[in-house]
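Beneath this line is the structure, given in structure tokens, with notes to follow.
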Amino acid sequence: IDVGTPQKVELKVFHAGSLAVPFGGQGNVTMEKAFEEKYPNVDVRLESAGSVATIRKVTDVGKTADVVAVADYSLIPKLMYPEYTDWHVMFANNKMVLAYTNQSRYANEINQDNWYEILRRPDVKFGFSNPNTDPCGYRSQMVCQLAELHYNDSKIFDDLIANNTAITGRLENNTYIITVPDDISPSQRVSVRDKSVTLVTGLEAGGLNYAFEYQSVAKQHGLMFVELPSQIDLSSVDYADTYKKVQVVQASGEAATGSPIVYGMTVPKNADHPELGLKFVEFVISSEGQDIMESYGQPPIVPAVGSGNVPEELANAVAS
Amino acid sequence: MIEKIKRERMLVAFTLLGFLIIAFIVVTLGNMLATQVIQDLGGLIKVTQDPVVLNSIWLSMYTAFLATLVAFIFGVPLAYILARKEFLGKSLIESIVDVPVVVPHTAAGIALYTVFMHHGGLIGAPLSSLNIVCEDAVPGIVFAMLFVSAPFLINSARDGFKSVDPRLENVARSLGASQWHTFCKISFPLAFRHILTGSILSWARAISEFGAVIFLVSWPRIAPLLMYERFESYGLSTSRPIAVLLIFICLTVFIFLRLASMRWQRHDSD
Amino acid sequence: MIEKIKRERMLVAFTLLGFLIIAFIVVTLGNMLATQVIQDLGGLIKVTQDPVVLNSIWLSMYTAFLATLVAFIFGVPLAYILARKEFLGKSLIESIVDVPVVVPHTAAGIALYTVFMHHGGLIGAPLSSLNIVCEDAVPGIVFAMLFVSAPFLINSARDGFKSVDPRLENVARSLGASQWHTFCKISFPLAFRHILTGSILSWARAISEFGAVIFLVSWPRIAPLLMYERFESYGLSTSRPIAVLLIFICLTVFIFLRLASMRWQRHDSD
Amino acid sequence: MIAIKGVSKNWREFSLKNIDLEVRKGEYFVILGPTAAGKTLLLELIAGFYKPDHGEIWVNDKNVTRMPPEKMGIGFVYQDYSLFPHLTVKENIEFGLKLKKMPKEDVEKKLKEVMKMLDISHLSHRYPRTLSGGEQQRVAIARGIVIEPSIMLLDEPLSALDTRTQIRLREELRRVHRGAKLTTIHVTHDQTEAMALADRIGVMMDGEIVQTGTPEEIFHSPIDEGVAEFVGVENIIEGIVESSEEGATTIRINDHIIEAISSAEAGSRVRICLRPESITIAPSKTTSSARNTFSGTITQLVPLGATYRVEIDCGFPLVALITKTSMEDLGLRAGKKVCTSFKASSVHVL
Amino acid sequence: MIAIKGVSKNWREFSLKNIDLEVRKGEYFVILGPTAAGKTLLLELIAGFYKPDHGEIWVNDKNVTRMPPEKMGIGFVYQDYSLFPHLTVKENIEFGLKLKKMPKEDVEKKLKEVMKMLDISHLSHRYPRTLSGGEQQRVAIARGIVIEPSIMLLDEPLSALDTRTQIRLREELRRVHRGAKLTTIHVTHDQTEAMALADRIGVMMDGEIVQTGTPEEIFHSPIDEGVAEFVGVENIIEGIVESSEEGATTIRINDHIIEAISSAEAGSRVRICLRPESITIAPSKTTSSARNTFSGTITQLVPLGATYRVEIDCGFPLVALITKTSMEDLGLRAGKKVCTSFKASSVHVL
């Protein structure tokens, strides 16, 4: 019986909720299974949370992790440098989509051009995850703000977000600053969950019509989704300057600026098994790991990009 | 003295064993309270002024109260029936009442979500057509709390009614009181101490519920959820003062009601 | 018949009210179970073969059993003292026993974390120098479960001992039995039904605990935590079969023990 | 008038079987029976707390079988008095009155009256648990009669009290009964109490009324051996009827002949019943109107307080009862030869 | 021998005060007292379940004050018998034996013996709750005596039983006591029981032993009015001593003179006690050795089962007791004039 299986080394991986499926899902080939196969004396234990919470567990709660993997690489330098780590690798990217199911209201009408009109309808309930704890959440805000620019409709953010929550937006020095209070107070029209994946339940159950999700999540759960224009879906490095125009200020005071969605990973300095942690990182960015990412709809960055004091062990797998 | 200890060896051993478990409880709570007060009184004071925290505590207390009220309205009559009547399937009903106590809270949460979800929930859907939304709304919190806390009130009230001699009711009826009047003037007042105790327990159980609520309602945030979020996001130093405050409030209510129920004239037999 | 209903108006109303709350419990659980079995029996079967799920359920059952065992060893003697002796501060002790019931689970979790954390915890630090690690380890689960579940066993056992006429103990002693022998042969067997009930409750409470455990131990994952994570990561369809399985196991144990305790020869007075 | 017509009721482990009973207006009727005979259940049935499975109950020529208890107008006093513990004596007594929607002054007046009558005015603000048994009983009675019931049911109202208080309260019961002319049914397992109070007695055993009659009938002519034993007939002796002529019967017991009044047929096996207090003891043969005289030897003398139980062997065992003074006067002791006599009319033949 | 020397003990709401008591070897000692006098607590104290605050308890010349109850070798039978409900009759009885570490055959033998002696062999596999009160009592006694205690304590062993069973079991108790030569302390609130069984009686009231003596002493010379009332002296009459010479005392009550034997001084106010059974009733003045003769009118006749209580007004109220036969022979009824007489030695002066 596995009660921690003492003779095995435990490798603790704290990861963003959106990585749950490729890392430790129920598929036949996951990072966890493949890595354990490769290193039979290692027991990978995954802990999933929102990306910010994932980092806070290490920095604030005082837990130790051997690998930290988050949905926004920029969180690592912002929250962990220099005390907890001084490097990270960017290993995958993703894009924002609007997920739905065939039971969703107006499912047969929605497309790339009218999605915001449909979300405006009073009988439609949509959701996003908590901007304070999950990058997917603040990215959803960015999407709505960028949509105003793209569709040239200055009411989109107000109608979808500001009028339904305590989140506010304002223009300052040509930057749209979105402020998220601790108490978001969503109205009945929107659902705010801790992690974006949770919203899937709502969609599946029919309580929710639409949800802002990563494309990977939508694919993994077999949802239908509206592909958004590249100008607003935070996927393309080409539009990095456009994305930069929005900034989300979280309740903690931290600010996140719009940027392409790039997953970051590091091994904290206080890890119990730093070498194994590195091995895991190495595995994820190896071609085998990248295949796994790919197979779950999460496009890997090939080769992975390193930043900071990248350890030598990874040097040849990483472009900088 | 020593002779006495020797004579009462068993009781001494029992006392020591018992002391350990009491110490465990006291140390666990006391240590946290003391640590907070000594090391970070400022944090505690700040939390008492944080409207988000206060709102969520208020929400918890208020929904717990509502849940207890509902449990009272529906549970006390049930308790009376269970205490007074013999019928086929009675022990089945009694077991059903106990089921929420043995069902893991998170499993209960999933069950509640299944039933109360907005779309397609067996109860949630009809309710939402009446404009009562449970998912991510106050009614949902109340229902989840009700599910886990009602058994405490029902069982306690049943014991209370059982401790009332049915002959007192018979006499009241022979004196001309209707069944309802007898219930109000005789059975209920005599069982009141038990019902009060049950209500305290039920309220406490409701306010402390976490697992069952969060599936159905993650917003508005009840205090335990806020605490968990704060713990996950910011760690011990941010969440502990909330815990201390919440414990403090719960204990105050508990002690107050306990004293009240002890002072309540003890006309019942035990 | 109609005449009878009219005569028993109050009881009819009470029955209806009571029926609603029973229906609430039955529908909530029944709907989930039915939905699972009818719509996705395959998922349920798959889950019963998933070693991760089975391990975590086994872990939950096993730690809950350990917690109950500890509560039994320390709690039954305490219960006996509380039932038999009058002493200064007794009602304080009784209140302390009840405190874990009223303290919100998450707050208890934070308190437990404060005391049992590896570094600097008042109990956790000394224990870890004895190589007993509580944070993220089995002992931590047991301690957290113990904290929330011990009151149930203690209170129930106390009621049990109270229901044993002290004269029976007196007689046993006059017949030459020592205090300990009297306890083993008279008091304990006669209070056994209550103690068993208390143990079931305590075990159920331990297995269903979520809030208090997750602060201290997020690995190994107890079943409720696994369920929560699955719910958060994959949604209802993945987590519901676990919930159904867990409820099924708990109910089986509950019904089995309940029948056992009902068949236990009813020598006690109530 | 109360008429109980063929009433039966089943509980899980006990049943009342085919009860027929008539209690006349103003009568003091005692139901006498051993523990667990179903006496309390019968009273509760009459009061309407339970409904019979079969049969009917009529009160004052009205069928009340299905009437709810609050409509019956019956006063009920339980064995343990069942005072409402959370109400004061005054509140207990006025409980029924308040339900009658009478003017407040009238309530007060009636209250005063009944409390004075039962001498409990000084207790009015005390709680039941602070009262002695006797006081509680009086409060319970006051509570029952203040609503002016047409019938009063008393369930072993004296059994929880000590002998002295019992005797005092018996008087009180008789006084209240006479004063209020209440039809009363009084339940007890105490023969003395039944004898002291009853106009008529119904003997109840195992859920059945086995005999009804005046105290005289019950105690001297029990219908069967069970009743005989229960009502304290200590001498039950088997014999064979030798002759029987117009009621004058002779019965052979071993070598002795007893004369009795009975219609038993010659040759039949019978049992004779003879109450110990019907036997007179004399130091030697005396002439008296008693038709049966036997000499015998005292085997044992058992002190019973004011009286002694004398066991005598006259060829068959006899138990007699005599006062302490008589015993001392006669100088009785074990082994002494004495002469016993009893009237033919004291002998009851079964 | 049991000696209780100045024992006191305080409970929260009750205390035993300065109890002095000596019970001789083989004696049947009855403690008689009303409910809540503290009788049970005193027995429990003797058995060692409680420890006294002050004073000492000696058993067979050994100070056992602080000895744990299991070392005392005392058999205890509670009022409700306190049989272990989860054990069969056999297991109940062998509970104490098994603790004695004697060979198994001896246990079986003793068990058989005692069960035969008390006639409960046929019950051995039944559970206590299926037994009648009388059977339970015998099992409780068997359980107590099988361990061969030097002392037996009986707490109201008969009060839960009906009169017939009571009388039968009194016999049994006496037989067991005689057979095993057990020093026995028996607690009761029933005077009849005390009289029937006791070698000596201690009267207990309000936590104190107020009088100790033979039954004769207790019942005829109660030490004060409280005891007098409690032991059933129904005639307590105030008077003034007119003269007193060498014990022969005359006492004036209203216009009547009563002769008594007492050492009260002339002129002092006294109360005379006279038991109802000491008074003889005759239809007219007769000559007898009784020094006190008064004529009076019967005011009331109260049936008490086998006896009648006769209330007579002789210028002062007198209560007498007579058997039913005597009453019928004398043709007594209310209003009839009769003559009452009692011996000077029956009068007890307080």
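To keep things simple, chains are lettered A, B, C, D and E as they appear, and every chain counts its residues starting from 1.
Methods note: contacts are C-beta pairs under 8 Å (C-beta built on N, C-alpha and C of every residue); 3 or more make two chains touch, one makes a residue touch a chain.
Quick caveat, the model's predicted, so the values are computed rather than measured.
Hopping across touching chains, the smallest step count from subunit A to subunit E is 2.
Among the remaining chains, A is positioned farthest from subunit E, on the basis of C-alpha centroids. Both copies, subunit B and subunit C, contribute mostly matching positions to the interface they share, with over half of the numbers common to the two.
The chain pair sharing the most C-beta contacts is B-C. Between subunit D and subunit E, the centres computed from C-alpha atoms are 26 Å apart. Separation between the centroids of subunit C and subunit E, computed from CA atoms only, is 54 Å.
Subunit C has its Cα centroid 15 Å from the Cα centroid of subunit B.
Subunit A and subunit D have Cα centroids lying 90 Å from one another.
Within subunit C, contacts with two or more other chains are made by residues 178-179, 231, 236. The residues of subunit E that reach two or more other chains are 68, listed in rising order.
With touch defined as above, residues shared between interfaces to two or more other chains in subunit A number as follows: 62, 194, 198, 201, 205. Subunit C meets subunit D in the complex at residues 3, 7.
By the touch rule above, subunit D contacts subunit E in their complex via residues 34-35, 162-164, 167, 170-171, 189-192, 195-196, 215, 229-230, 232, 275-280, 302-307, 309, 321-326. Considering their complex, residues 44, 47-49, 68-70, 72-76, 78, 80, 82, 84-86, 95-96, 99-100, 127, 129, 143-144, 147 of subunit E touch subunit C.
The part of subunit C that touches subunit A in the complex is made up of residues 50-51, 55, 58-59, 62, 117, 119, 136-138, 218-220, 229, 231-238.
Residues 86, 165, 167-168, 170-179, 181, 185-186, 189-190, 265, 267-268 of subunit B are the ones touching subunit D in the complex.
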